[in-house]
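Okay, handing you the structure first.
Chain naming follows the written order as A, B, C and D, and within any one chain the residues start at number 1.
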Amino acid sequence: MEFGWSENERSYRNQLREFLAAELPGNWNEMSKDGPGSDAQAAFSQAFCGKLAARGWLTPHWPKEYGGHDAPAWQHAILSEEMWAHGEPRGPQYMNVNWLGPTLMRYGSDEQKRFHLARISRGDVLWCQGFSEPNAGSDLASLSTRAERVGDSYAVNGQKVWTSYCKNAEFCFLLVRTDKIETRHKGITVLLVPMNTPGIEVREIDTVLGDRYFHEVFFTDVRVPVSARLGAENDGWGIAMYALQYERIGLPRYARSARTLELIVADAKSNGRVIDGAFKEKLVAARAMCEAARILYYRVIDQRAHNQPPTADSNVARLALTAADRAVGDLALELGGPAALLYGSLGDGNFRAAMPAGVATGTSEINANLVAQRWLGLPREA
Amino acid sequence: MSVSLFVGSAEEEEFRADVIRFISEYRGLNGFHFQGSKWPEVKALYRAIGQCGWMSIGWSDAAGGLGRSAVREFILWDEMAYARVARPPLGAGIVAKTLIAHGTEAQKQKWLPPIRAGEKFFSLGYSEPGAGSDLAGLSTRADLHGDHYVVTGEKCWTSYAQDSDYLWTLVRTGAVEDRGRGLSLMILDLHAPGVSVRPLPTIDGEQLNQVVLDAVEVPVEHRIGPENAAWRLVKDALDVERHVQFPPARLRRDLEELVAWLRKHEHELDPVVQRTVAALGVGVFEVEALALLVLESVVKGRPGDVEAAQNKLAHAELSQKIARAPFELGLSEALIYGPIEFLYRQSTWETIGGGTSEIMRSVVARQGLGLGGRS
Amino acid sequence: MDFTLTETQQSIVDSAAKLLTKHAGPKRARQVLATSGYDPELASALREAGFLSLMKETGALEAAMVTEAISARAGLVHFGAAAMVAPALGMEIDEPVALSRQRGPVRYGASAKTLLILDGADVRVRRVDSGEARPMRSNFGFPFAELPADGGERLSGAGAKMRAWWRVVLAVEIAGALRGCLTFTTDYVKERRQFGRAIGSFQAIQHRLADCVVLTEASRWLAYEAAFQGAPDDGAEVAISYAAAAARRVFHEVHQMNGAIGFTREHDLHVWSMRLQALALEMGGA
Amino acid sequence: MSIDFSLGEEADAIAQTLKRFARDQAGGAVVPCARFSPDLWRKLCGLEIFSLTGAKEIVAVMEALGKTNFPGPLATTFAAAQLFEGDDRARIVSGEMLVAMGELHGDGLFPWAAIAQRFVWCERDRAFAARAISIEPVETLGCEPWGKVRLERESEFRHAGRALAIADIALGAYLAQAGRYLVEAASEHAKTRTQFGRPIGDYQAVAHALARCATELAAAAALTRVAAHSFDAERKNCRVTSAAAKVSAGKAANSASQVVHQVFGAFGVTEEGPVFPVARRIRQLTLTPGADATARAHLLEHVGLIRSESV
């Protein structure tokens, strides 16, 4: 056991920081405030990811054959950490890199791998994720968007909701039901659907989180060729779980939370607000929670670096991430004072973001269940 | 701060003044927290309360009481709690009121006079090792053999059993599967053969007890109400006693002691201390207001399960918040033996005893919000 | 970064576990607390096994691992003070060592031969003569005493270092006590049945215990990391701040989950839980 | 009867009227009014609620308005009706004139400053009539028309303490019911929304969290009513109980917002969904400049931590 960084890792981090310092525009804090779905950020991110890809920093941890460099897990962790610490300039593409790619590598046909992985590693494609439905949020196995086999294609009918970024997305990683609803998780299939297929309608949901954050997506007799199916029919559940494992451990959100803390302090100081002992203590406590999330996240990266299968440690890390998010959000509200009420202020943004913290991930409770059952060995709720 | 949020009628406030005068002779007794180790003094106090007629202040005239409203009972025990001298004894409350409502003439004549006089004392024998919060699951058996029951089983977490005369106990006379509908209520003589009381020392320096019942004979006339009909009786008894169970003035006193201690150690200007104390001050008002809602429901004879659960929940949690404040504030003086750290240890019990906070939340969720078919 | 134990670390952890099984545990802690509150037998066993010189010979991380293990087994020795704080200040001093910040009760004060006093930017090293300590009664799982805080040999400018290492030691000790509470409680909720099922199957219990896992694990790793990095001010502050908050929260949770048995002295929960408060408060709540 | 939390028949009748009014204005739903509407305000004033002087009646009004998330400087106007006299008062209660009231701190933020015609500058329990030298309107989270101002004091009001107490009681009543509305909405949602084959309200994590909120809100509502009784009876502790009631209701309502957001999940974050319009108004009403410090001073003096003014 040791907690140091190698010379390579340190220098990699420094290069990233230099790159970010050079590439992020002066108004980046302002621009990134409305979230990765906003038009302004989407346009910036597209160009930014291209530049990252050119340096081999978009998918460094991928195998060479798919456009990566076989970089070690820690390097990928450092990359993600730096990106989140700077407001995630990759925008929605973090999804591609973190879990779409690895899932395609594992389950994709040769043709799918050749086509999609190349585009992802070049950084010129946006994806969205079609999981949640109006009546199936955290309980994915009850989803009901249907796909009926008609000759060489599927006819898809149904509705997805809370879909992020899909206004700008080119493809959707879509979960559909290909068997009776009673089969629950045994009747689910994954389709890789081009978003410009006729019959798809996207409506933006007006949320408090920022522009283009959530959407409803309606599928009316959408024809998807069988060749766009990922894996076998009715094998979608295992694929989705594989993907979620990556998603669940993929996000060093603590780095963003820690950045928010710094912004809060700077903001309070510039507004002439006195940071007294009471707040100082809370600041340290909130920062400690970010650090806790970091070290637990490292523990998960370490397992990946040792090629160990994912364990409930990743759920532990996720709980810590959510706790840190919330602590920082609460503090932002408290420290902001009445000025936090000003539209577009840091406190206002944090209020909007903190309220649903833990919901956006949708799975806080599931994480807690898994920690209790897998980590502690407690019995499942009867 | 030592003024109750509740202001009664002129007569009620006069009564309060009488109570305060009465208590002045017992100040420093601290039988509220130390009923066990201070038993002789506490017993003498109860006798004196009995002589004032206050043990039976809320009982009907016919039962030998003063027939006063629940408001006076509340004032009496709230002031006792503020002065930390004593808690309301089980006998004068749940036992007597159940006997008055459901007992036979003979039962009333046997037990009411010594309870009223503060001479006979009862301990509550509900919980069992396998059934703490889940009373319907308890398993101590009572089998009828002619004119008496033979009771075998184990009661635990029993307060004051070491000093009491009787156990007011719930036993299973029906089938286990009948859950709450297979239980009977009886008065069991704690000095009868087959009873053994084993102390369980607790972290507040007092004790709870394990009461083992090994074929204890209980005369059939010691059963209260019909066989297997205890569930309703137990519930009714709670309804008429809930206004004195968690006197809010105890918390007012807790906070006053904390404030005095903080001043003594010169922490009063610390902004963190000030924020904490102000929040606790609001908490004391909140709990007093909730206690008054409970009192109102008792006085008006309205169902008050939700109010009672909310009151218990808030009372218990605030007692812990006050007790834990010096620790949250990082004041290491609080580690040394004394009244401040005592509250820390004592209040640990508050969210557990008398129905856990989880049970209380379930009551509020189920009955107040219509949520949760499960417990 | 590597969270896997090296061979050396594994053998240290194993031999510490073996020693502690023999010389520590809640039963032993109750015996010791009934007398002086300090366990000389455990102290000499640790000394003879060479654990006191771990910091110099192997590293601070390894010393921290042993400190955590002692705490998790409820040992009553001030190992962290002697094996981490003193060596960090470059001192070879007589055990037992106690740590003082000039005010407040001193843990193991009555048994200490040497007192390290944190005095602003400086440290003073003071011998404790017999009869100087005034034991103070406490219910928080350790022996406390009041000690004079005057005199002693002054180590100029060593204050920051002592503060940081003291914080790391406390964080590690809290992590150990948290583990003790968590293990005890997990076993209890698996066994205890209410409403016809193990209470550990209730979601409310599961979620709270899952939070305790997060608090316990993060406390430990943050403390280890700070130890490995040589107790940087920042890392030490984060470690103790997190651990102290965890201690307060976990106390509350585990007592609620254990119900009445946690309140009685018969069961062992209090052996660990009460200590959490003492440790969280030792430097004034960090 | 000496123990009585009811507000009296007159107050109950007022509450009924307001309920009807809100239903007519917004079809019975929570008024999803993002912005203050002068028109709606004048209609409300037309009910002559602001000429009420009894705290119990004011509580009845505010409880009804809190349940419907009704916008406007409600508590302020009740207080202003106590402060102003004569023609000014008549124009205020009739809705012709709007009052801005608050403490002034470094950043100059002042509630309702953007559209007010009269300014009341408070300092602890004193209140001054003030003239605005400059007003810069700002947009706020709760869509209230606040402003950054520079003020000049003109004259001091008498009996400001009672007016501020009424403002606190009114706000407490509003917030406790706004929170209660959220908890009830979330409970309904939890009964119908199923996950893993059962309603989410069956899960302890959901049921207990809502029960906790319900308890805190019940305490706040009860305390508000106690404070109102205490105000009407002109008891000495009325100032501190009113301050406590307001703090209690604010805290309970804010924590209810958080829990309810969790229960509604993604539904809770929609701009005009069932939660956010209420949550943000609660947040806005609890972040009035300086209000915390004043309440704290009263409480600390009351519990005896400090003698006076040293907070």
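In the analysis below, contacts are C-beta pairs under 8 Å (C-beta built on N, C-alpha and C of every residue); 3 or more make two chains touch, one makes a residue touch a chain.
All figures in this text were calculated on a predicted structure; none of them were measured in a lab.
S.K.: If I average the CA coordinates per chain, which chain comes out farthest from chain C?
M.R.: Here the answer is chain D, farthest from chain C.
S.K.: How many angstrom lie between the centres of chain C and chain D, each centre taken as the mean Cα position?
M.R.: Whole-Å distance between the two chain centres: 48.
S.K.: Where the CA atoms of chain A average out and where those of chain B average out, how many Å apart are those spots?
M.R.: Spacing between the chain centres: roughly 52 Å.
S.K.: Could you put a whole-Å number on the gap between the CA centroids of chain B and chain C?
M.R.: That gives a centre separation of 38 Å.
S.K.: How many angstrom between the C-alpha centroids of chain C and chain A?
M.R.: One centre to the other, that is 38 Å.
S.K.: Scan chain D for residues touching two or more other chains and write them down.
M.R.: 203-205, 208
S.K.: Please list all residues of chain C that touch 2 or more other chains.
M.R.: 202-204, 207
S.K.: What residues in chain A touch two or more of the other chains?
M.R.: Those would be 365, 368.
S.K.: Linking chains that touch, what shape results: line, ring, star, complete or other?
M.R.: Topology of touching chains reads as complete, every chain touching all others.
S.K.: Along chain A, where are the residues that touch chain D in the complex?
M.R.: Residues 132, 135, 137-139, 142, 161-162, 205-209, 214, 271-273, 333, 337-344, 348, 351-352, 355-356, 358-360, 362, 365, 368.
S.K.: Could you pull out which chain A residues touch chain B in their complex?
M.R.: Interface residues on the chain A side: 276-278, 281.
S.K.: With touch defined as at the start, can you tell me which chain A residues reach chain C in the complex?
M.R.: Touch list, chain A to chain C: 1-5, 74, 284-285, 287-289, 291-293, 295-296, 298-299, 301-303, 305-306, 315-316, 319-320, 323, 365, 367-369, 371-373, 375-382.
S.K.: Where on chain B is chain C touching in the complex?
M.R.: Its residues touching chain C are 127, 130-134, 137, 156-157, 200-205, 208, 320, 324, 327-337, 341, 344-345, 348-349, 351-353, 356-358, 375.
S.K.: Going by the contact rule at the top, pick out the chain D residues touching chain A in the complex.
M.R.: It comes out as residues 105-107, 109, 138-142, 146, 194-196, 203, 205, 257-258, 261-262, 265-266, 268-272, 275-276, 279-280, 283-284, 287-289.
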